[in-house]
Structure formats: structure tokens, C-alpha cells
Amino acid sequence: MTGPSLLATGPVIPNFGEPPGGKNGCIAQNGTFCWDWVSLHWSDILQPRLVEHIQLTAIAVGIGFVIAFAAALVAHRQRWFEPSFSVLAAFLYTIPSLALFQLLVPFTGLGVLTIEIGLIGYTLLILFRNTLEGLRGVPEDVLEAARGMGLTRCQTLTRIELPLALPAITAGLRIAVVTTISLATVGAYITPLGLGQPIFYGLQTNFTTEFVATGALAVLLAIAADLIIVLAQRLLTPWAHSRRLAT
Amino acid sequence: MSGEAAEIVFDHATKRYAGRADFAVDHLSLTIPAGEICVLVGPSGGGKTTAMKMVNRLIDITEGDITIAGRSVRSLDVIELRRGIGYVIQQIGLFPHMTVAGNVATVPRLLGWDRARIDARVRELLELVCLDPDTDHSRYPAQLSGGQRQRVGLARAMAADPPVMLMDEPFGAIDPITRERLQDEFLRLHKEVRKTVIFVTHDIDEAIKIGDRIAILREGGRLAQYDTPEQILASPADDFVARFVGADRGLKRLALRTLADVQLGAVNGTSPTDPRCTSSMTLRDALSLMLTEGAKQVVAVDDAGRPVGTLSIEHVSDLLGPNA
Amino acid sequence: MTLAYDSFRPYTFVDAFKFMADNAGLMWSKTTEHLIVSGEAISIALLIAIPLGVWLGHIHRGSFVAITGSNILRALPSLAVIAIGLGYLGIGRTNVVFALVVLGSPVILTNAYVAVDGIDPDLIEAARGMGMRPLEILLKVELPLALPLIFAGIRTAAVFIVATATLGGVVGGGGLGDIIVNQASYFLRGVIAGSIAVAALSFAADFVFWSLQRAVTPRGLRLQARSFEPMSPADDAIAV
């Protein structure tokens, strides 16, 4: 077993001869943050894991969005659908991701499938909730005006309801993306993919720079993703003021 | 400063907001005698609210001064000044987390009155504004109608018996029928409590009805005319005032007086077909009656139905004429 | 990683409860640790975020700090923050508490700010016109009206912190995470038992703060539509 027990056993630095920076350099001394290590392993550790991380996130949010969107459309018309979904949501949110991934392993194995299923599960709830909220938030008088002008149900959906729900949907996407980036690091506990992998490896080997630098990279990725989505939101829904309650 | 009404004097009071070239209020000078209602009226953006808020220093005076009972508002402690001035705004601003009684008791509590005195005062005020002290007392603003909320707002402003009241479009957001009733109640109340009131409105009819004096402000915060409603309607100072009070200013003037206020014509020579009315009818309504009945005059009758005098169309037009 | 994976059998859930009974001492001590870490983090987050948020809201300044800055902090991956904290603060509880404070206070800060900043300006104007001093306005008008939203933020943060404290197991921070990351010793039934305990704690935290939120909501506000929403855990929940 991995985890905390190994941390107590002291630094396990792979012995590839003299580390970059010399015997008394940052890497040899297990410094908190060594640029040498970052530049040395950018192309063989950090960059590939970063790309994997983005892929994991994109797939989870993409598939999650398709499912959640369809489910929200159904729930918008069929009232009974929502409570069942909400119960599932409430249940899933109380399980720590660290445990959820482990619980999936007996069913879906140690591969990427386990991570993606877990991640999709979490995005579904956020995206479903926000899309439905957006659709329901369309004022009754607007809908009545649309009906009065002779729009069909389908036209009302595509021309009135969806555009007006867009701010809520993009807000949901934003939460889904940053949440997924966060949970994907935890997913590496099961399958060595994404930025979580060097973090867990660094924790096991007690090589500080590896988990600190990768952690920093994950932080930067999350902030960058958040900013990009905010910019996209501004461009997509210029009429919606960005000030929104943070809960 | 509580109890007795106080004279308010605007002495070249001026306000210029930072970063703006024009005046919001431009050297405003006027004297409001103690116990009178002065209505500030004018188009939106004319500086009415600004002029009013300079009195309780929610807005600082740029230049000039305002005195209450001879004391400059600038020389008084701002908190004390405000606690001595009743303040009513259009949005009312009732505290939603406090009951009606809690809202009304706000200033007395700040002033540290004892419980018994506060309770007694709250009851007295609720009765004064036609609310039920027993049932409405412990209700929350969310449980009241618009008219009731405005009454609570009025009671709250009068709680500590301030000599001066400021009211910014207090009935502006209320339906016309309730508004009329509140105006009547307010006038009755004012007769009882005799405070010096500055009342802001953009509605000239409300101004004419409520005001002992009317100050008409025009764009740039300049005072166009300050006079009694009668004088403003009779002789508007300029075209702006004339347009603002409306082409029907003659009719509005007639509405200010009743048959009892004027010298009526002799009773002899009336025809049975002439319409009858009581002396408490306004001249405007009497004129309307003549026109709709196709008569040349109306006959005023007393309670027993006996004629007491007549009013003819010529008589009405003489009353509005330049020599009236 | 080389994990010895347990297989899942239909009665593993039943085993989880047996595990709790058989290891009552372990469950108790880990739950206590979990509560201490979470409790410390919530307390510190409250001490920092409430005064700051209320103050910024009162003076209507600093929306960049209270909203934009807060949103950036909320976007941070929890594990990454814990990893970085470990590098600089070393192994143990301090690091985990620090990370939880960083991750948990933004919700409290934003809610406190928005709650106070968003109070109807007419009310403040009325209060000023009546001669209330700034401190009186804060204590008699702003705070009572802001409390429901402030407590909503505390509630979200508390649930988030209790659940996230699980990650402490990865860096030796103690708590129920120690059981959840140690499938090799405790098997899947232990992992499930730990998860059930975390879920129960999250639910308890939610319930406690929901009750407090209800208790601090002035009656006059409850009468207004939509100012107080019923308890629905999924609404504010953040996956951890």
C-alpha cells in the first residue's frame, strides 16, 4: 500500500548518478522547488501529464454535457424526472471522490474508464442542475409572448429558452470544468494519468519538487481554464452581468 | 429640538456634484415659515431631492447655508440633526426584519427612551396614521399593503416628534385612489401636529393640493417661482412655470376655492331649472355642473335645501380675470 | 501505483458496518481527528472571511477581492493546494488545515460580501436619514438582514471542508482519510466504512448550519418570498 506510511521512510531519490545541479544542488538536497527539475522533466513528465489532464477533463465535461443537457430537456417537460435526479445528486456529493474511485474499481477496473465514469458523474449533476435552472428561469411573460406570436414549442425552445438559459449553462460549465480539473488529480490515485500522477508519485517517493511543481501546474491550469471560460462567457452572453451569487 | 415647529431658511444653498459642471441646486434662497408645508416641485432632475437632502445633510452643501430655527445645519452634530428631522422616502425603506412597532420605535430607541414611553408613543402614532395599534403593531412589512407601509413610514418619521419633516415623493408609488386618501389624511394630520414640512413631488396637482407654498425648480436647480398655490396659478412668473402648471391653470385655481369662499350673487331671479349644489362644492365642480347641465348659473343651497346664493359663468370668469 | 485491490461482493456494504463495529476504537479516533481538523479550518476561515467580507460589503468596496479573487481561489484543485502546502509547511495537520482554510474561506467571504453589499440601498438611506451612526447601521440593519446569506455561505464551506479533509489522508493529516487511502490494510469494507463516516459528518455539518441559518433568519424576512430556502444539500454542494 502507498500513502502516508511511505512518507515516513525518508527521501527515495532515484539514483541516476550525479543529479542535475550537483551533490549540493537543489535536487540532491530535496529542495521545496527546484527549477532544474522542472526544466529537466518538462518534456517527459510535466507536459505529457498536462496534456492528459486536459484530455481527461475535456472528455468528462463533453460527455457529461451531452447527457446532462438531454436530461435537463426531459426534466424541463417531465416534472417527475427531476426529484429522482436530485436524490442521486445528493447521494453522490456526500461520497468523497477518493473513495468513489476506489469503489468503482471492482466494476470498471484500473483503467481510464474508472476515472472518466467518476468525473462524468460529478459533472452531470452540476450541468443538469444549471441547465434546468436556466430553462426554468425564463420568465412566464416572455414565454407567453412567444406563444402569442405563434412560435411552436420547438421554436420557443431554440429561439427563446435556450438563449436565455445560456448564462446559467455557461456558469454551470465553468463550475464543471474547474471541479473536474480538481477531481481528475485525485483520480490519479487509481490510474496514473494526468497531473495527479506526478503528485502522488512525488508524495510516495517524498521528492518535494515533484509534487509541489506539479501542484503548481495544476493550479495554473485551473486558473487559466477559469479565466478562459469567463472570457468566453462575456463574449457569448454579453447581456448577462457577470455578478452572480457564489453559492 | 423636538415639538415646536421651526422656520427653515435656504440661504443661497448650492450643490454641485463632484465632476459635474452644472449645478444640481443653484443658489436656492427661500424661507419656509414654521408649521407650513413647502412643496418642492419641478421636472425630474431639477434638484428637488438634492435640495431636500441638504437639509438633513445626507448631501453636503457646496456653498451657502440652510438654517433651522436660526441654527445652521452645518453647525449641528449631523447625527443629532437627523434624529430631530422626520424623513420619509418614496421607497419607504421599512426594515423588513422589524415589526411595525419596531420600525416606528427606531428613533426613540436610538434616543434611549424607556420602554413604557416608547410603547405609548407607538400606539399613539399608529392611531394617528389610521392603523390598528393592536393588530398591526406586531405585523411585518411583508404583511402590509402599499398604503399601510407608507402609513408606517410616516409614523416612523414622526416618532420622536421632530419639528421638521422631509418627504421625498412619499405617495409616488401608490395607486391614485389610495394616494388621494393618504394626501387627505396627511393634511388632517398636519393640522393636528403643525410641523414644518418640505414635501417633494413631480406632480403639480399634488403640489397644489398639499402645499401652503410651492417652490418650482427648473433644470439646473434654479428656483423658477416660490409662492402660494393661488399666486402661482394666478400669475406664473414665466413661460416655464406657465407650461409646468398647465394650460388648465385657471381650472386648477377654481379647484382651490369653494362656493363658501366667494361672494355669491342674489338669489332672486333663479329659475327652477338651474342646477343646485352645496356651498362646499369647489368652483371648478360648480362650473363643470353648469356646462354639463347647459345652465348659465348654479344655485347654492343650505342643508335644508334653501337657496343661499347663485354663481354664474360671468361671475366665475371675473374671479379668474386680471382684476380678481 | 501498486494497490492491492479488494473485490466487491454484494455484502461488502454489510461488512462495512461490521467493520465499524469491530474497529470502533479506530473509527472513533479517526472521526475525532477529522472533526478537529475540520473544526480548526472552519473556525479560522470564519475568523478571516466574515469580518473581511462584512467590512468590504459595508463600505461597498473591494468587489475584486471578494468576488474575483474568491472565484480564483475556489477554482484551485484541492489536492494540488494540499501538495503545495505540504512542500512548504511540512507533513501534518498544519498543512491540511492551511489548505482547507484557503479552499473553504472564499465561499464565506463572497457570501458575506454579497449579503452586506447587496442590501437595498433605500434601507441604508432611511437608516442614515433617521440619524443612525455607521456602526448602528451595521449592527441593527445590515447584519440582521445579511445573516441568512452569510450562514448559507458558512454552510456550504463547512460541508466542503469536512469532505475535503478526507484528502488529508494522502499527506498524513490524519482523519478518516487515513482509512480511505489504506485499502491495503482495511480492505474495501474499511474504505466504505470511512466514506459512510465522512458522508455522515458532512450531513451533520449541513444540518447544524442549516438549523443555525434558520434560527438567525429574522421572521420578517421569512415572510418575504424566496429569502429562505429549504434544506437541499445538492444545491450548493461541491464535489471533493
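Read from first to last, the chains carry the letters A, B and C; within each, the first residue is number 1.
Here is the rule we go by: a residue touches a chain if its C-beta (ideal position, glycine included) is under 8 Å from a C-beta of that chain, and two chains touch if they have at least 3 such contacts.
Everything numeric in this text was worked out from a predicted model, so none of it was measured.
S.K.: Please find which chain has its CA centre nearest to the centre of all protein CA atoms in view.
M.R.: Central chain is C.
S.K.: Hey, which pair has more contacts between C-betas, A-C or B-C?
M.R.: A-C
S.K.: Rounded to a whole Å, what is the gap between the Cα centroids of chain A and chain B?
M.R.: Taking the mean C-alpha position of each chain, the two centres sit 62 Å apart.
S.K.: Averaging only over C-alpha atoms, locate the centres of chain A and chain C and give their separation in whole Å.
M.R.: 19
S.K.: Give, as an integer number of Å, the spacing between the C-alpha centres of chain C and chain B.
M.R.: Here the centre of chain C sits 54 Å away from the centre of chain B.
S.K.: Give the list of chain B residues in touch with chain C in this complex.
M.R.: 56, 58, 79-85, 87, 89, 91-99, 106-107, 110, 140-143, 156, 166
S.K.: Taking the touch rule as given, give the residues of chain A at its contact with chain C in the complex, in rising order.
M.R.: 1-5, 7-8, 32-33, 86, 89-90, 92-100, 102-103, 105-107, 110, 122, 125-126, 129, 178-179, 181-183, 185-186, 189-190, 192, 195-196, 199-200, 202-204, 208-209, 211-212, 214-216, 218-219, 222-223, 225-226, 243, 245-247
S.K.: Hey, which residues of chain C end up touching chain B in the complex?
M.R.: Per the stated touch rule, the residues are 120, 122-123, 125-133, 136, 141, 144-145, 218-221, 223-224.
S.K.: What residues on chain C touch chain A, complex-wise?
M.R.: 1-8, 63, 67, 70-72, 74-84, 86-88, 91, 106-107, 110-111, 114, 152-153, 156, 163, 166-167, 169-172, 177-178, 180-185, 188, 191-192, 194-195, 198-199, 202-203, 232-240
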